[in-house]
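What follows is a set of structures to go through.
One chain, chain A, links the two complexes that follow: it is found with chain B in the first and with chain C in the second.
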Partner chain A sequence: MLALQTIADGLVLGGLYALSAVGFSLIFGVMGVVNLSHGALVMVGAYLAWFFWHALGLDPLVTIPVVMLCLGAFGYVYQRGLIQLAVDRSSHVASMLVTFGVALMLRNTLVLVFSPDLRSITPSYSGHPLLLGGIVIDPVRLAALGASLVLLGALALILNRSRMGRVIRATAQQELAARLCGVNAHHVYGLTFAVAAAFAGAAGAILGIVLPFSPPDEGLWTMNAFVVVTLGGVGSPQGALLGGLLLGVMATGTSQLIGPAFPNAMMFAVLVAMLLIRPSGLLGNAFAGSR
Partner chain B sequence: MLVAAVRRRAWWILLGVVLFAAAAFLPFVTTPFYVRVGQLVLLSSALGLAWTLLGGFAGYWSFGNSAFIGLGAFAAGIFEVELMKGQPWLGFALGLLLGAAISGLAASVVAWPILRLRGIYFAVAMLGISQVLAELNNNIDIFKGSMGLVLPRLSAFGLRPEALYFYLLLIATILITILAFAIQHSRIGAGLMAIREDEDTARMLGVPTERYKVTMFIASAALTGALGVIYAHSLGYITTSSVYRTEFSLNMIVYNLLGGIGTLIGPFLGSAIMVILTQVVLGRLLSIHMFVTGALLVLLVLVAPKGITGLVRALRQRWSAR
Partner chain C sequence: MAIKRRTVITAATLALPAIRGASAQAAKTITFGGSIPLSGGAAETGLNVNNGYKTAVQFINEQGGVEIGGTRYKLDLKLFDDASDPSRAVNLIQRQLDDGVDFFLGSFGSNIVLPTAAVTERAEKPMVQAGGGSDQIFGQGYKYVFGMFPRATRQFRSTAAFIKTLMPPVQNYSVIFTNDAFSKTAAQGVMAAMKDQGIPMLESYSFPETITDASSVLASIRAKTPEALVCMTHDQDNLLIAKQMIATGTNVNLLFQGLGPQLGSFRETLGKSANGIYFQTYWDERAPLKDRFFGTPKDFAAYYRKNNSRPIAYHVSAGAACIVTYIEAMMAAKSIDPVKVRDALATIDVNTQYARIKFTEQGDGDPVIMGPWVGQVVGGAPEVIAPANAKTASYTYPTPPWSQRS
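Up next is the complex of A and B:
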């Protein structure tokens, strides 16, 4: 029973990990940029949702579309205005420094606007745990897992079935060929970044109802995204889902079996091991630049 | 090769000697605050130089060198506290060697697998390793990472502590500069630069790429570890979060990038500018400190992607073209 409970808790956490990492994975897979400000975007989403809940009394699950729109617009401008410039003028590794700089700026801005205090969102349906066959599940967490899965499914549909998704995948495979077919590659990169930022924002809104948060958490969420992506594989929602769920189960399992202080050490050990054994991840195909 | 390089750069070397000699007078002419700023500039320059042995010469950007600062600091700290009571200087000297040895050893253990990764993957793996070590140091009780260690106090010639550590760091920086110069102008230095430009071609032409990379990785780690020991002593009291700082890893890159990657003056220029800017100019604006640092980073990559030396070179070329 304890094992089942651990796995159930891990899956709930894993859904959130998967959703928070999918944008990071998309950006890395499509343009080869490691976005160190991804966690900061997640935190911006969390604070936007907190603001709507605190000021207007709106449920975070309802305001997800608004949060996604705000962050999507920001993501498009951010990519076209800063990241593309950095990639053109310098290199991909240097663009990592640009995203780190932006992460610092966003974190500082959040501290100035919302204070460094720990915040949390408590919707009306929280605090009434359900008992399902001997396993205790918080309805809030169940809603979070459900919302994460729905959003991931929607992204998979967009990428695999829509015209925009086809263009994004084509540009990821070969930028030059896509451009020869009339694709505006820079616009596609902007769109990809917008989609990624929007999903980071959605993850933030859901994160808000599950865990308390504060601005410095952004580093942790960037790291989580890193581990999820190296575990599952770059560039696909399926990879992020697998990596996220695995990571969630691993985190709860480690704190259950070894000790509550060790999930982070375990996570990074797995990260390093995966990079050495299979750098393209469990479901990944090797994108350009992995070697 | 080395003799010819020394002859060619005689004026630069003379300038370096004059500057180091001038720096030695700093503690006599300024306030303790500025001596501390000087300490930080020296530490950052030396760390930047140690980083550049692999990152600048061979193009392998480590994002986790703070792991070696932490390893060195804690190895020496535990050794000195447990075994060297009452003999601070002997303990410090042995601790310095031990810190360098442990860091070098750790690097040699991970070197073979991790140096097979390239580019962003190497950077990320180093970041991961530094995080694992920090977490372990913090959570396993015998390392005393969360409680902290109080290191033995050093004193000599009646110097104030900040002046003493200033001189220790000055000596360390001079030694590392000489070593880096020697490496840069030796056979291995040429090999490393070949690796940076095109590793596969270098290997095909008979450069022992693996051996060079591993050697430099270990050298870079050992030097960083020794600097970690000095830094730990200058703090007096260390915890995991004061020596295993991701910030350190990133600063090493930023200073090199600002000054110019792959050069020896790069880290000095970069750290002097950044430290003076962040400590002296922004010292009073704590609430937006992080914002300004981030904005500087962004500007730096966009305006001078090749650093100050690259900017100077480009300007000079433009002048001579006229």
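Up next is the complex of A and C:
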């Protein structure tokens, strides 16, 4: 029973990791930019959801669309106004440094606006555990996992079935060819960043229900995203989902079998192993085929 | 007689050195340097400590400063944000030493206080701090470092003695800690103190420095059902553990969380579920204490609230006590020579609104005189439940399950 409980806990945790990493994966896969401000965008989403809940009493799951809209708009402006400039004038390394700087600014802005105090969102349905065949499930985490799966599914649909998704995939695979077909690549990159930022915001809103948070946590979520992407593969929601679920089960399993001090050590051991054995992740790079 | 412009300029030029001298004499100041986490992971409590420092300096300056050895001084603070980063803190302290600062206040967090104390010790400048309790700080043979709390391994003694008195008797306990300078040694203190009281340990759980998920440990706790669970972890970790305990219906008769329940934000997040959580505290504004500057803890709290919107916490009081202790030592030494002030600090025994201040030979707070009180959240507020002379409310034991708390 303890083994089943550990797997269930891991899967629920993994859903959160997956959602929090998918934006990072998309930006890395489509634009080749390592977005070190990803965790900060997650935190902005968490604080926006907290604000709506605290000031207006709105449930975070209800305000996810508004949070996504805000972060999406910010992401578009951020990419067109800063990252694209850095890439055009210098290199992808410069854009990485830009995102690092923005992460620091966002973190300190959150401290200024919301103070460094711990925040947490406690919806009315929290605190009533579900018992399923002897396994205890936190309904909040279950709701978070459900929301994560719905959002990841929606993203997969957008990328695979919509016109915007096709344009994003085409630009990621062959920017020159896409341009020759009349695609405004800069606009597409802006849109990609907007989608990624929106998903980071949604992840933040969901994480806010599950975990207490404060601005310095942004580093943790950037690091987690990096590990998830390395495990699952770059550029696709499926890769993020696989990586996230694996990471979640690995964290709870290591904690149960070896000790709660070791999940991070295990995580980095697997990260190193993956980089040596299969650097493109389990599902590979979704856009690597024609590169 | 008409005054020529040249005459005025000449007179002013001649008078300038005298004016400068006079203003320099009137503005004699004692500067306290240091770093404090105003951003980063330790900022929440860092802000509280910083507010304590600022409140004491502001209050004393409003009273006209202090007279030490026949000279009147104003106080000045030179504290910089170390962003909860030990290496940044060390650089800031070194720069202030180079600038000639003689007296230091501590940062918050043993991981920051420890390396910065090494720097001030080497320079033979005193540091009085309300942010580091790790045994490592007080086990180095330092002569210039003083702390407002007993070292971590001694902090649980009074709580263990209290737990021993509970009926029905607590048969066993488990302990959770993180792998950092404070938490680890504090957990060792828990194990030693509980062993002294004859209460056996079921399990100890060691986490990395930051906890992001405690589900597997809580599953183990549900399986092994200890009667008491002691969490010697930091605020954020404790909040996460409590939230996950509530969400998974993990109940114990006694949940003790060393840091967190004292904070308003913590109790607000947990709502009625916070009621019944045990903690330890070093200060309560209803305590029967008095110092020569602020008066009673209630007077101090009233002055603080008049000047700050941030809720008061025991770290605010402890921060203010650092300044008051410095001043008391300077007055006793009749000097602001760092070595003489250090000697006075080593033998100080004085009442403040925070506590009676008396340090051990190693510089930490005397565990009997400055030891913590046991607290419990009652009706959403932090109350002192032991010792009897400081008690502000009756305690509940065994604590009801999460679902039945009101």
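Throughout what follows, the second predicted complex is superposed on the first by the 284 of 291 C-alpha atoms of A that agree within 3 Å, B and C clash if a C-alpha of one lies under 4 Å from a C-alpha of the other, contacts with A are read in each partner's own complex, and residues count from 1 in each chain.
Criterion: a residue touches a chain if its C-beta (ideal position, glycine included) is under 8 Å from a C-beta of that chain, and two chains touch if they have at least 3 such contacts.
Bear in mind the structure is a predicted one, so any value in this text is a computation, not a measurement.
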Original post:
Where does A:Thr252 make contact in the superposed view: on chain B (first), on chain C (second), on both, or on neither?
Top reply: second
Original post:
A:Leu275 contacts which: chain B (first), chain C (second), both, neither?
Top reply: first
**OP:** Would you sort A:Ala154 into first (chain B), second (chain C), both or neither based on which partner it touches?
**Re:** neither
**OP:** Check the residue A:Leu132 against both partner chains and state whether it touches chain B (first), chain C (second), both, or neither.
**Re:** neither
Original post:
Is A:Leu13 touching the first partner chain B, the second partner chain C, both, or neither of them?
Top reply: second
**OP:** Could you look at A:Ala177 and tell me whether it touches chain B, chain C, both or neither (first, second, both, neither)?
**Re:** neither
Original post:
Counting only touches as set out at the top, which of chain B and chain C does A:Ala73 meet: first, second, both, neither?
Top reply: neither
**OP:** Scan A:Val113 for contacts with chain B and chain C and give back first, second, both or neither.
**Re:** neither
Original post:
When the two structures are overlaid on chain A, which partner does A:Val62 contact: first (chain B), second (chain C), both, or neither?
Top reply: neither
Original post:
Once the two structures are fitted together, what part of chain A is touched by chain B and by chain C alike?
Top reply: 107-108, 111, 259, 261, 264
Subject >> Complex contact set, residues of chain B against chain A >> reply: 61, 113-114, 116-121, 123-125, 128-129, 131-132, 135-136, 138-139, 246, 250, 253-254, 257, 287-291, 293-298, 300-302, 305
Subject >> In the complex, chain A residues that touch chain C >> reply: 2, 5-6, 9, 12-13, 107-108, 111, 115-120, 122, 126-129, 136-141, 211-212, 214-216, 220, 251-253, 255-256, 259-261, 263-264
**OP:** Please give the residue numbers of chain C that touch chain A in the complex, ascending.
**Re:** 38-41, 43-44, 46-47, 84, 179, 205-208, 210, 212-217, 219-220, 222-223, 235-236, 239-240, 243-244, 246-249, 263, 265-266, 269-271, 273, 402-403
Original post:
Contact residues on chain A for chain B in the complex?
Top reply: 32, 34, 82, 85-86, 89-98, 100-105, 107-109, 111-112, 219, 223, 226, 230, 259, 261-262, 264-265, 268-269, 271-272, 275-276, 279, 289-291
